[in-house]
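Below is one structure. I have some questions about it.
Naming follows writing order (A, B and C), and every chain is counted from residue 1.
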Amino acid sequence: MGNCIVPYCDGPKNTNVRWTLPAVCFVWQTAMVILFGAFVRYNKEVDAHWPETKIHENITSDIENDFYFRYPSFQDVHVMIFVGFGFLMTFMKRYSFGAVGFNFLIAAFGIQWALLMQGWFHHIDSTDGMIKIGVENLINADFCVASCLIAFGAVLGKVSPVQLMVMTLFEVTLFAVEEYIILNLIHANDAGGSMVIHAFGAYFGLAVSWVLYRPNLKESSQLNGSVYHSDVFAMIACHKSHKYLYVSIFNSAICKHGDGQHRAAINTYLSLAATVLTTFAISSLFQKHGKLDMVHIQNSTLAGGVAVGTAAEFMLMPYGSLIVGFFCGLISTLGYIYLTPFMERKLKIQDTCGIHNLHGMPGVIGGIVGAISAAGATESVYGQQGLINTFVFKDDFKHRTPAVQGGYQAAAMCIAVSFGIGGGILVGLILRMPLWGDPTDDNCFDDEVYWEVPEEEDSADPVLQYNNHTVVNKHAEV
Amino acid sequence: MGNCIVPYCDGPKNTNVRWTLPAVCFVWQTAMVILFGAFVRYNKEVDAHWPETKIHENITSDIENDFYFRYPSFQDVHVMIFVGFGFLMTFMKRYSFGAVGFNFLIAAFGIQWALLMQGWFHHIDSTDGMIKIGVENLINADFCVASCLIAFGAVLGKVSPVQLMVMTLFEVTLFAVEEYIILNLIHANDAGGSMVIHAFGAYFGLAVSWVLYRPNLKESSQLNGSVYHSDVFAMIACHKSHKYLYVSIFNSAICKHGDGQHRAAINTYLSLAATVLTTFAISSLFQKHGKLDMVHIQNSTLAGGVAVGTAAEFMLMPYGSLIVGFFCGLISTLGYIYLTPFMERKLKIQDTCGIHNLHGMPGVIGGIVGAISAAGATESVYGQQGLINTFVFKDDFKHRTPAVQGGYQAAAMCIAVSFGIGGGILVGLILRMPLWGDPTDDNCFDDEVYWEVPEEEDSADPVLQYNNHTVVNKHAEV
Amino acid sequence: MGNCIVPYCDGPKNTNVRWTLPAVCFVWQTAMVILFGAFVRYNKEVDAHWPETKIHENITSDIENDFYFRYPSFQDVHVMIFVGFGFLMTFMKRYSFGAVGFNFLIAAFGIQWALLMQGWFHHIDSTDGMIKIGVENLINADFCVASCLIAFGAVLGKVSPVQLMVMTLFEVTLFAVEEYIILNLIHANDAGGSMVIHAFGAYFGLAVSWVLYRPNLKESSQLNGSVYHSDVFAMIACHKSHKYLYVSIFNSAICKHGDGQHRAAINTYLSLAATVLTTFAISSLFQKHGKLDMVHIQNSTLAGGVAVGTAAEFMLMPYGSLIVGFFCGLISTLGYIYLTPFMERKLKIQDTCGIHNLHGMPGVIGGIVGAISAAGATESVYGQQGLINTFVFKDDFKHRTPAVQGGYQAAAMCIAVSFGIGGGILVGLILRMPLWGDPTDDNCFDDEVYWEVPEEEDSADPVLQYNNHTVVNKHAEV
């Protein structure tokens, strides 16, 4: 007990972010205000001139405003980003505040920076050089932040909030570049972001975690476990994540209106369903006594949604989606059981939340599925117009064939992964600088380092104290 | 204390599902893949040929795609099915994993099987004999699974995951038949599924529970209770369920676009409001010291939503909805206080979650309200066109009068209940076979039987000690 | 020990609501049924005559029904009202039931009464003198109830359910009057309700709390604190609230379709993001050891959403929204650290949830921002038509200039605050009458007074022993 208390006491000494965190927050937020003032304006569907615009473009009904195609499930995506992701990480018994709170911080800074970075790449208005934003930009910014939160999962509990801010700054920048290359230059299709978001984010996080390897992490390992109710919290997040994966895909800004979104919804729905069954099977089969492990159910059941992302709006066919989900549940769960421990022992990669199983591998699978299904696309299946719509064989790309598209999809996948690994190593080295106030090995996974934890206000046995106010008397008696 | 520890130790012996569960999951999922490959395709609004179709049917805007009428609240329904229902059952102190996890399993398998069963009954494309699915099918599948999850509430904690899979297989099949008879043959109106979903599901579950009666359940009864925070979890679910009931109704695939959905939203809203007040009143009036019981608030407050389901899109009038809610809160709460204990003692029906009060009785009330309000419908209230739209007096049914419709509504209700009871007894007998690895009476309501429960891994940490039964041994030692 | 246990025993004596609560619930609900029967009908978009109406008003598509502009995020608002608000108040270790349960009660009664009150002011149909309701009315009723729940936050844990019912009755009435004056007579613009909902609700609650000042509240102060997992619950609510604030604004019934809603969405999104960073900065800067306080993160991060409410659909510009959020996070967090303790010590205002920091000040700031940005509106920024649309310079108000509008906005803010304070004092005096069964100072913040708390029923079980305060004594006795 004592030696588990000690870190709480001297922990704060070497992890005081009293000056650095506020400084970073204030300075960067001020910078955002200035940059937004200089570069960001409303686009024409947001601007109050819309009534004139409307007449001008003879749009009959307000419901034609892009807003109404997107916002219904947009807030789901948005709120998932803001808090939901954090809950998936609340499974640790003493790190719920950090998981949820820092998620919040990353998201808040990330979306602002993403609006700028993505704006510079995609939404510069040639007439006045301004970034013109609308609801579509907000969605893209949320997706960009999603990749940051995925990476957060790998380093959860081992870094300081300041390090997270720095990591977000660089990751968002890299994301914008990677996204631009994959979607615009290579013209790959990635509606659900299996490659752009999940694979990139996961390998970025793993690379950072590898550079920041902590040999003595075992010392705080008694905190790196779950308690009964914390697992139920995480299950709530799983719930949210399902919704998130679900809506994020057909809500994707690059998903085609109409049949494209409709197809994406169905493919995701089926893939998620299939994943659940195989996850249960593997979890039960490979555990002692054939008991199920809640961690697998919380996480692997989402893998199917990740893996169907790239091909979500393709003619994957219902059975195709089921097959994708089937294998994802299988691979992801086996990853938790065998790969994660192996990576920690042999490869020195400490993956707190097992993002490699939930985002890394499924993301890569998604990329492969996308490449294959694109290469195999035929006019008989898609229809002439359908083929053009789905793969946007227009303008510079109007002579591209499905076969060639397949090749580019594969290339895109490699780019996403290498950007992730390369960028992660780079950022990891920056984060190793001693000035960020990161915790020592023996007070990782502990909220007490950066948070006022209610228990502290009273003495000794935490839980008793707070589910039980008479303990005070018990102590009095002693 | 000892005999409360023993089951934890030898429990797993007689409840090992290491081989059966994975086998069932793998085989059935593979079967799904094959069946989907053989029978399921996208419908024309999902197919990539949509652009051609659109021109052909001169649809002007993508927003006319059925998808946009349905998806906004669809994910709410879908996610509620996938995880939400489970949370309503997390009130038990040691069965949160089972409640949420098995919910997940039932939903994942159930929707796939439902897509097939319902497809064969409703969506066969005459041209190629294929089942053509769209978002409407997904919604119907979710509703079908809802009835399985309602039944799950009656047997919660007393069955093995394998038994749940078997139960789902049969219940979905029965549901599809019952739904076909009620909606297509009898042509009854049941937008919110009071009869088709709630009454059927509840009586099915009660019948199963009756066949699987466990005389010595008392032995594990110390686990069949709630703890403070588990009740708060359940309250979160109550929150979700409200939303679910709310959206499910006007989201119903058989609910008419426009005024029908609009009316359904208002009726449900008002009915739920009225229920809450009467629930509080009864709960306070019949408890010792006039204290409120959280179980009533969690559950009975939902009864009003269930009961207004059938008549949701009828001209129930605002005050009509309030009256329905008023009596439902009353009956449902009294059910929890008097009927449930009576059923367990006298009728040998062990209803873990009290689904009879939340779904059974309100469902029947809903059916009756529907029958009466249909029989009383007049052209002056609905308008000539309105009457036809609301009750779909078209094609074979164009000569049907409201009075006759009322009769058919009543008939539909009886069919739903008898299907529930009959099917439940049948399935119950199948589940009594000794090969499903169900728990013994003295380790019911305990996650340790089928789940790796975190506490066991670590007893050094204070947080764990007090949620952990190993502490009990400590006391024994003392 | 004794003096902390005693209240639990004799507490119920002087706080027995066994007769009063059921009486109030039954009588008032019956009154609602009668009043709705006499005064409330469906409006034309809800009525079954809609098909005729549609043709008559040559509306082409069902999607033109107002329902489809509003319902997608409406349920979010609605469910937030019903349960979500309560979760924001579950941070207290022994008052989760009260927070969530009474929230439920207030909402259920409040919306019914609000539909009537607001109906009489805004929606009387001149032809038959009936209140004609549609989804827009439900949304307005929800917003009205929101102000009641804000006020609830100030008196949380210190009043009986009966007092809450009485408080709701009066507050809803006052709200309807205040809303009518501000929106119709003064014709001020308050899309997000910063003034009408948040400022009014907050100052109303503070005034009530001031009149009901409890000098000896310290005695139960050991209950007025949080536990680790209760804080995580509150974080879930924070999640919901974000969504709520988010959607409530552009979902606002008085928010213009098209660009207005689109703009509101973007402004809120940005303001919330900026708030988070400054909240983290201040929280860390002013706490001992520079540790973060979860209470600030839970609450202050929402302030930005409140403050941008009034000006949400104005041309605030992206950087403008960021600036608003920036200062709100700052002021709100400082409020928690310095103002709340000061108000309790010096001004005798006991603000349980710190609503002054989350709703009061941000609401006022919102009003000021609204006034300034309205006064500064120019035709060059809004466009001629845009200016008219945004500020509804039509009919009686068509000659009003932006400058004048700014003045009226400021006036509206003063009216909201004074209505809040005045009404609060009045209602507070009514609530001081001895007949409402309110708790004594030493059993405030304790669910045991009005709820059956599970622990009491069973002390044999290990889990309970450690959540249960009575057990400890047992051990002591042994």
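Note that in this section a residue touches a chain if its C-beta (ideal position, glycine included) is under 8 Å from a C-beta of that chain, and two chains touch if they have at least 3 such contacts.
Fair warning: this is a prediction, and the values are worked out from it, not measured in the lab.
For the pair subunit A and subunit C, the fraction of shared interface numbers is less than half, so the two copies use mostly different residues to meet. Least-squares overlay of CA atoms from subunit B onto subunit C yields a rotation of 120° to the nearest 5.
Subunit A and subunit C have Cα centroids lying 32 Å from one another.
Counting partners per residue, subunit B has 63, 68, 72, 76, 228-229, 236, 465-467 as the residues that reach two or more other chains.
Touching subunit B in their complex are the following residues of subunit A: 1, 4, 63-64, 68-69, 72-73, 76, 93-94, 222-223, 225-229, 231-232, 235-236, 238-240, 242-243, 246-247, 250, 257-259, 261-263, 265-266, 269-270, 272-278, 280-282, 284-285, 287, 289-294, 297, 301, 315, 317-319, 322-323, 326, 381-383, 385-387, 389-390, 461-464, 467. Contacts from subunit B toward subunit A in the complex involve residues 12, 16-19, 21-22, 25-26, 28-30, 32-34, 36-37, 40-42, 45-52, 54, 61-63, 65-68, 71-72, 74-76, 78-79, 82-84, 86-87, 90, 96-97, 100-101, 104-105, 107-109, 111-112, 115, 133-135, 138, 161, 228-230, 233, 236, 450-455, 457-458, 460-467.
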